[in-house]
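Read from first to last, the chains carry the letters A, B, C and D; within each, the first residue is number 1.
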Amino acid sequence: MLPSRSGINVVYSSVNLPQLHSPYLICGFPGSGYVGKLAVDHLIHELDAKHLADIYSTSFPPQVVIRADGIAELMKNSIFYSNGAASDTNLLILTGDSQPATPESEYLLAEEILDIAAKFDAQKIFTLAAYVTGVFVDKPRIFGTATDADIIKSFHEQNISTMDGGSITGMNGLIIGIAKLRGMNGTCLLGETSGYVVDAKASKAILESLLSIVGITIDMTNLEKRAKDTEMLIQTVEQQVSGRVLESQQPTTPGKTATNTGYIS
Amino acid sequence: MLPSRSGINVVYSSVNLPQLHSPYLICGFPGSGYVGKLAVDHLIHELDAKHLADIYSTSFPPQVVIRADGIAELMKNSIFYSNGAASDTNLLILTGDSQPATPESEYLLAEEILDIAAKFDAQKIFTLAAYVTGVFVDKPRIFGTATDADIIKSFHEQNISTMDGGSITGMNGLIIGIAKLRGMNGTCLLGETSGYVVDAKASKAILESLLSIVGITIDMTNLEKRAKDTEMLIQTVEQQVSGRVLESQQPTTPGKTATNTGYIS
Amino acid sequence: MLPSRSGINVVYSSVNLPQLHSPYLICGFPGSGYVGKLAVDHLIHELDAKHLADIYSTSFPPQVVIRADGIAELMKNSIFYSNGAASDTNLLILTGDSQPATPESEYLLAEEILDIAAKFDAQKIFTLAAYVTGVFVDKPRIFGTATDADIIKSFHEQNISTMDGGSITGMNGLIIGIAKLRGMNGTCLLGETSGYVVDAKASKAILESLLSIVGITIDMTNLEKRAKDTEMLIQTVEQQVSGRVLESQQPTTPGKTATNTGYIS
Amino acid sequence: MLPSRSGINVVYSSVNLPQLHSPYLICGFPGSGYVGKLAVDHLIHELDAKHLADIYSTSFPPQVVIRADGIAELMKNSIFYSNGAASDTNLLILTGDSQPATPESEYLLAEEILDIAAKFDAQKIFTLAAYVTGVFVDKPRIFGTATDADIIKSFHEQNISTMDGGSITGMNGLIIGIAKLRGMNGTCLLGETSGYVVDAKASKAILESLLSIVGITIDMTNLEKRAKDTEMLIQTVEQQVSGRVLESQQPTTPGKTATNTGYIS
């Protein structure tokens, strides 16, 4: 029983696929300071999203991870769905343990994920990433890039700073780039973060930005609590690094194009 | 005559497959201080297990090994079977010269091995690994992880310490992880060892643990002899390292969950 | 929707292919000091060449590049065509963002590009590369190698110095080597350049050489302007390096075989 | 026009295959101090062997090599044949520019080469390698390993020292190892050489050994001349290294098993 030619194996929870109406696909991959992953983990929890499928790949690290109860599991990505509980907006939400280990496998996994999205006629794809600056900020800005001019135009009213150069490597970039070839559209939102800590504050900011676009409201309490914990952690780190609290950066005017001075991953 | 798409070529000893009844699959791969391999080599010898098949792969080191009689052979894995000689318990036993050279190939070889096991309706899969601590011990503990909660529950009465975190890399992990996806169940037993020597004492402990689970008794004399040789080797190494024999560690109470402080390979 | 077995995906602008009569294929890959790429970018612009197709590959860096307007795009190669505007000579012109990341992928992309050329019965293939010497020159020489003796014979009258050893790595070499296996013929022209700067002067020299062979005339003003800018940049660099303007090399007599002392990429 | 799934492309000189009767396959790959390649190049020349096919592979270095006349060619392996000119013995002789770049490709190329041999019912396969010792010798010994006990038995009368351990990496090992799986038999002969120089004396010794086994006589003058040139080169190197001519090693009694103290490549 070999995996498909791409080395990828999708295992659905059920033979019956759920009915979804024009769902958005939201991807929060591990890596990138976990900015995207924390955001989608919180979204899955608050929406009580249901498990759709697990994705296994010969390109994930060849190992099993052992849980606290002693059970061993392969590395995988997972897709969840939400179709009506909290809003008319339907969502497919992807997260996971790992990104693929080779560049070629990243392309193949992106294709497979978009194949699953296409089964449900998903048209609008979002990836959540980190904009790493090496500096701690009080109010993380949200940066954006997209496959279509219409989406770029909408950034200003959403307080998203449009990027004007650079690149986005890995799954966060490939998923939207390949979506464009398939006639879908893709948006990558990047939360400003130092890169030194797991930053729940940046996750909260990016999630608020996303929810505003897709028209969903959820309880942010747990994430806000994690955000405050992160704020205290940042202050502790800053004091250790420099002996004093760093001044916050002056925020750029929302909507203005941001020059690409940061590091995206 | 190309190998299959996976680069793997299985060569059976005979066109007629043996009759096996619900066999266990026991895997003892090279590496990991040879803890697992020594154990299965002894088992194959004591049960007079018969040769079933050799497995060749483009992912094994590209070379031939020269035997003492001058004959050259490719690197390979081999499967043996035992169906009744020593017990009603049927076994498929795998060992070999090498693990695959790339992560992707490890997944593909694990799939191929489980394909062979599935031909014989094997349901229960065991991999034997090393729990490397960097310390010599008088009585090696046996650690365990498994794919099912029922198996975890049985560890206590078997004096196996349940792991509660970490990961198992390579074939020992992948085989049980992929077994789970196929509706089989998998157990990985890990013998505590220093990692500095080929440790027949750890092999003996892990084999006794396995035989207790599968309900087989064999003569352990040769392995006990090798275990005593290893004990003397350990003392010699310890004296060289530190000038005195290291105190033995206090064993943890069998059955209690072990915190994951060691290195598994 | 997986890419083809080679991991390559060709996306044509239109379902209707243009009519081309015995076109030349001209390739200017990135890398090699951008000598070839600058040359073909200028050619595409001056001929008002039309877009034929984009080529995507799992072997290009796994990322999207962000344009000045915020739009994100995958890495790709692109083919343009010109069929009559400036001459009876028809051209297929290839350029792109990237060369493939692995040796095997370079072979596969070369095959795919020649498949496209073969659709239009292209027989004569040109690749434009750099002959890196580490030295700045006033008048860059053009070196050449080809798959056929007849082409080598024609070098002298074109003021091209025939190479007599060494190798050409990457796409510039593979494309002509594989062209030969397909019954096409291939020529690689190499513009002499220091390797320290993006050298529009070398690009201009190599383009003039190519245009003389294929019988096309275009306005070189913009490239000449860039060539003069490069000349000033070179002088600035030289002064920084050594405190004085380096003497120009004595040009070798055109047409004489050049001994292979330089570095080709 | 993609290469086959293995990335290998065999191009025959003619659509009509020659008639060969139970040919031996003799392989002299580049690398290994060119001991094997020099031997087969001389054999091809003296037998006036005819060109059968070229083998191209996406695993050869991605480049074209430029000949003295300016012509560019892809890296390749080539097979020649001899069917009667100098003897009743028929031969297939393989040599080339390169070994494959990855371990997996080495397996695939070995399979392809044996596919070609099988077309002509070749049963006996020979690979010629180097036994590198780091020491210069007056009379290079020939070492051997083989896939069959019968061949090992014949070594003594041929003055070949049977190896008793170690391994042979790369094509020289894989070709005979895979030959065994196909019901052919394989022999690897290794010429003792310092590893410091291209050693025509070792090539001559290995070729004489091979020709004695296959029952062919050829003029060794050119190779003897090269052997004497090599002897002078060795003496020059020795004097440079140590200020005096090194004493020759005492040869082991031919036919006795050699312990594996050298390096095989």
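As a convention for this text, a contact is a pair of C-beta atoms (placed from the backbone, for glycine too) under 8 Å apart; a residue touches a chain by one contact, two chains touch by 3 or more.
Source: prediction; values computed, not measured.
Shared contact partners of subunit B and subunit D are absent; no chain touches both. Looking at subunit A and subunit C, no chain is in contact with each of them.
Interface note: subunit C and subunit D, two copies of one sequence, contact each other through mostly non-matching residue numbers (shared numbers fall below half of all numbers used). Subunit A and subunit D, compared by their mean Cα positions, are separated by 56 Å.
Averaged C-alpha coordinates give centres for subunit A and subunit B that are 39 Å from one another. Across the assembly, subunit A contributes 5 as residues in contact with two or more other chains. Chain contact topology: the protein chains form a single closed ring, every chain touching exactly two others. Of all possible chain pairings, those that touch are A-B, A-C, B-D, C-D. Per the touch definition, subunit C reaches subunit A in the complex via residues 1-3, 5, 7, 9, 11, 56, 58-59, 61-74, 101. Within the complex, the subunit C residues that touch subunit D are 5-6, 103-104, 106-108, 111, 114-115, 118, 144-149, 152, 155, 162-170, 173-174, 176-178, 180-182, 186, 188, 257, 260.
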